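Look at the two complexes coming up: chain A is in both, with chain B in one and chain C in the other.
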Partner chain A sequence: MKLAIELVDVVKTFRGQNQREFRAIEQLNLQIRDGEFFSLLGPSGCGKTTILRMIAGFESPTAGEVLIHGEAMGDRPPFHRPVNTVFQNYALFPHLTVAQNVAFGLEMEGIAQAQIRSRVGDALALVKLNGLENRRPRQLSGGQQQRVALARALVKQPEVLLFDEPLGALDLKLRKAMQLELKAMQQQVGITFVYVTHDQEEALTMSDRIAVLSEGKVLQVGTPTAIYEEPTCRFVADFIGESNFLLGQVIEQANGGLVVLVDGELTLSIPYEPELPVGKVITLVIRPEKVTLHPQTHHDPLALQGTIQDVVYLGTDTRFVVQLTSKSTLIIRRQNLHPGKLDRFTVGEAVKIRVTPNSMRVLEEGSLGPETASGVLNLS
Partner chain B sequence: MRRALTLQHRWDLAIRLLGRVGLWGITLAALMFLYLPIAILVIYSFNRSRLNAVWRGFTLDWYRSLFAGIGETGADVITGQIWDALFNSLWVGGIATLVATVFGTMVALALERFKFRRKTALEALLFLPIIIPDITMGISLLVFFSLVFQLVQTVTGVRLVLGLPTVIIGHIAFNISYVAVTVRSRIAELDPALEEAAQDLGANEWRTFYRVTLPLIFPGILSGALLAFTLSLDDFVITFFTAGVGSTTLPVFVYGMIKLSVTPAINAISTLMLMASFLIVLTSLALQRRSLRL
Partner chain C sequence: MFDRIQTHWQTHLATATNRRRLNLAVLVIPATIWLFFFFVLPLLMVLLYSVLERGIYGGVNWQFTLSNYQRLLNPIYWGVLGRSLWLALFTTVACLLIGYPLAFFIASRPPQWRNTLLLLVIIPFWTNFLVRIYAWIIILRREGVINVLLSSLNLIDQPLDLLFNSFAVTIGLVYGYLPFMILPLYATIERFDFSLLDASQDLGANDLKTFVRIVLPLTLRGIVAGCLLVFIPAVGEFITPDILGGAKTIMMGNLVQNQFLGARHWPFGSVLSIVMIVIVLIPILIYFRIADEKLKAN
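What follows is the complex of A and B.
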């Protein structure tokens, strides 16, 4: 398989104002395949933009190597790299017209005027901006500016296109539309897209593969489905979508599965391949939409007991906060399929919560860290 | 209760009225203080009387006397000297502005775009010519030039004297700071991502500079240049110390004229200089505003 970009043992440190070193990227290894839509996803300050800037050539790694199509980039300046960037705030040249902005990169290559004109026309047609050639950037809407930035990068026919949170400044509706459009365009032109974002939904929508980053480290690389359904660590489970974390204790290991005491209350048999010692405390990840709520009268041996603490109506679904017997809370989402029955569960009501073993994900982390955002479990 | 409230209300109104009147009064007084002398100067340049003290009716004679006999042989001696001084001023202003603009822009770019050791020290040094008194600058330049001249004479035997070149060097010295400060504020507004975008699209450093950076900061450079030109045209103290025979600029000449006799012709010259400076500063401000909208 051909690789578009490879980062080998990349380290990046910055020197702060107080001369103290700050490690932005730690020993990073990453392989981006040719022709894929690859997202770098993480909270602000996780180093994703730094990675992009090292690929583009605006920063050079403190150690390690960036390879583009197998070629080591070393200290090669941005203007000698086969990649182009769509910047966060577009960075359109305010003193040039739309057509001049798009033509800029071709002029730098020394291409003949006639050819530039036709290629600029094609690029503007691709982003549906024909007729706006002679406008200045400030005369365009945010969405149009975004398209100019895209055309300006695409017209160079780069091997890799880099995106630095390009949709951040657009409103929600436009952003959703642009996400689908970008994905379609990537499939049409067939070049590698490397996309930096902090928006997990955006990454899930567009990417072939996603790398989840935190504090300069890659935590997990995988397809959107793998990242969502099979998170390999707490941070990923928490950052991508909403997660509940419950503690469990291994009671026994039997034929490809674990028998686990969940939340000190319920014994479940959960499929899990690796061997774990009996008595080990593990974390169970449960997605809010994979839990079902039932009235107290419902007979179900595989259910946890709880009390409804909060009900929030969210349009497409309703979000319940339930306190379990162990005092830990569980978030449950239920689609509003039958609008008339919205108020079936009320605050203070005792309920049964059914968790199916297949919808639980086992993490071999025995404690719930202090940074837990949702589903805090209190073991006292 | 109701009565007390009304009283309080009246008191508030009175205070507010007093405040408003006071504010207007102080503003007006400040403006008068600043502009009344200038207004008097301009008004008396149209005075028929030779004396500034009394008004004897409107005339353009003083302006006419400035322009009388230009190009003719045997023109008024004073008139000739005025025009020589004006040309000196324009020469000094033109060359000093050109050089100071180039260097000032370079300093501004270095300070705004690069990190280097002792940057803070350079920033402080840059402000020095703006804050130190003109007289200090004038004297220090004079001492500097005489030292250099002595050195040149002992080494090569050539005797150098003060003249237009020394005036120009003096003007460059203080103008670099003003240009650098003006241009720097423009560069600070420039999004560094624009330069990165240019490089990303294949422009090397030099092409990035003249295709993106320069066009975008040009209004700032121009307004810095106009400021420098005005300062150069109006400067008296530094010129006075660095000028030699035959390098009299207009302000120095006017000063000399006052010592002989105060005629309304001086008012007329001053008014013209005022107008020129005013126009240049207006242009400079307009350019700055335009650059902000870009």
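What follows is the complex of A and C.
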């Protein structure tokens, strides 16, 4: 597999005010494949933009090395790197027309005027901005400005295109449309896209692979499905979509699975390969849409007991908050396939909650965070 | 009935328009009076005096003549005019070369530092201009700070003649007008979007190309404003050349001052004033022409 970008043991520290050192990136290793749509996903301040700026050459790593197509970049300035960036605020040149903005990068390469004209035309056609060549950036809408920024970077035919939250300033509908368009465009032009975003839905929609970052560290790298279905840590499970966390205690390990006492109430056999000692406390992750609600009268030995605390109608589905016997709460989402039966569950009603062992994900983290640490004691 | 309502409405509209006109007039009157008495009237007087004969003890004789303008043909005045223009131009360029990097430096500091640095630029204004110019005599004279320092370091055998020449005048002019260059430049550069530097570099422009293609065009307004603010008063300067140039470096301003106060030749002083006004008008007109074309282009 050919690599477009490789970050090897990259560390980045900044000197803040009063000269205190701040570690933005810690010992980062990342491999981005040629031709893939790769997203750097994380909350603000996680270092994702710093990584992008190090690839582009605006920052140089304190330690470690950035390689683009196998070539170490060292301190090579941005104007000598085979990458281009679409900036968060677009950074269009206000004194130049749309065509001049797009032509700028080609002029810097010393390409002949005739060729520049045809390539600028092609790029503007690709982003569907024909006819606006002679406008100034401030005469354009946000979405159009975004397209100019895209055309300006694409026209250079870079090996890698970097995006720094480019859709952040657009309204929801436009953002959704642009997401699909960007994805289609990436498949059309076939160059590597590295995309920084804090919007997990955006990352899931567009990416071939996603790196989830927190506090300067990569927590998990994988396809959208892997990130959503098989989170390897609590942060990823919590950050991508909604998750329920239940404590479990290992009772027995047998033929490729664990027998776990879930929430101190229910014994389930959960598929899990690695060996875990008996008695170990683990965290079980389960997505709200994979839990089913049943009336109290429903006979099911593999169900948890709970009381409905809250019901929120969300259009496509309804969101229930249920309190379990252990006092921990569970969020359940239920698609509104049969609207007539919606109000079957009401606040205060006792219910049975069915969790299928296969849809549970085991994390070897034995607490639900400091606030529920006492929950661990209840189990033993 | 309907007619009456309509008439009433029309009168109402008419009075409203009248009232607005009246308000406008009231607001404009003070400025108009001010401009008339302190700008138009003096200007007309200067124009009038320039075509009258000289009075023996100053003032004018009410006799039409163009001889004052003929006197301008004397090459002596061309020399003074040339020197004034040259010194003012040199001062402007020097202020720009010093002021631009400085303004850029201030504007790219963290916000909490900018005001302090700007204050340092403005602080000299708290002292009288004359006092500051006299301070340069102490620095530049033969027994002055620079000469003492250089000879104590054994770098020179005898003191340098730094004072009472064009060099001293130029130093004084650059020193005096530098803030007028820095402030408009700072105002423009401070609004400059520094992420454009990243974008330009990202697209393959090195530092020089980025400066020429992006920074310079986007800060041109400040450059032009600063240059006008320095050039215009520098052409008419008479205090600095008087004090730092001795009697040797005469500028147009000195000439005007001499004609009115020394030679008591008001008409010729007026002619020289008009020449200066024309000289100053030229760059301003060019500036407006450029600004106009930019407006049309957009």
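Here, the second predicted complex is superposed on the first by the 369 of 380 C-alpha atoms of A that agree within 3 Å, B and C clash if a C-alpha of one lies under 4 Å from a C-alpha of the other, contacts with A are read in each partner's own complex, and residues count from 1 in each chain.
In this section, a contact is a pair of C-beta atoms (placed from the backbone, for glycine too) under 8 Å apart; a residue touches a chain by one contact, two chains touch by 3 or more.
Quick caveat, the model's predicted, so the values are computed rather than measured.
**Q** Here chain A is shared; do chain B and chain C fit on it together or clash?
**A** When both complexes are placed onto chain A, chain B and chain C end up clashing with one another.
**Q** Counting only touches as set out at the top, which of chain B and chain C does A:T329 meet: first, second, both, neither?
**A** It touches nothing on chain B or chain C.
**Q** Please pick the stretch of chain C from 25-33, 115-123 or 277-285 that overlaps chain B when the two structures are superposed.
**A** 115-123
**Q** Of the residues on chain A, which ones does chain B touch that chain C also touches?
**A** 56-58, 77-79, 83-85, 87, 89, 91-95, 104-105, 108-109, 152-153, 156
**Q** Enumerate the contact residues on chain C facing chain A in the complex.
**A** Answer in residue numbers: 193, 195-196, 198-206, 209, 213-214, 217-218, 298.
**Q** Which stretch or stretches of chain A touch chain C in the complex?
**A** 56-58, 77-79, 83-85, 87, 89, 91-95, 104-105, 108-109, 136, 152-153, 156
**Q** Please give the residue numbers of chain A that touch chain B in the complex, ascending.
**A** 56-58, 77-79, 83-85, 87-89, 91-95, 104-105, 108-109, 138, 152-153, 156
**Q** Would you tell me which residues of chain B are touching chain A in their complex?
**A** 191, 193-194, 196-204, 207, 211-212, 215-216, 294
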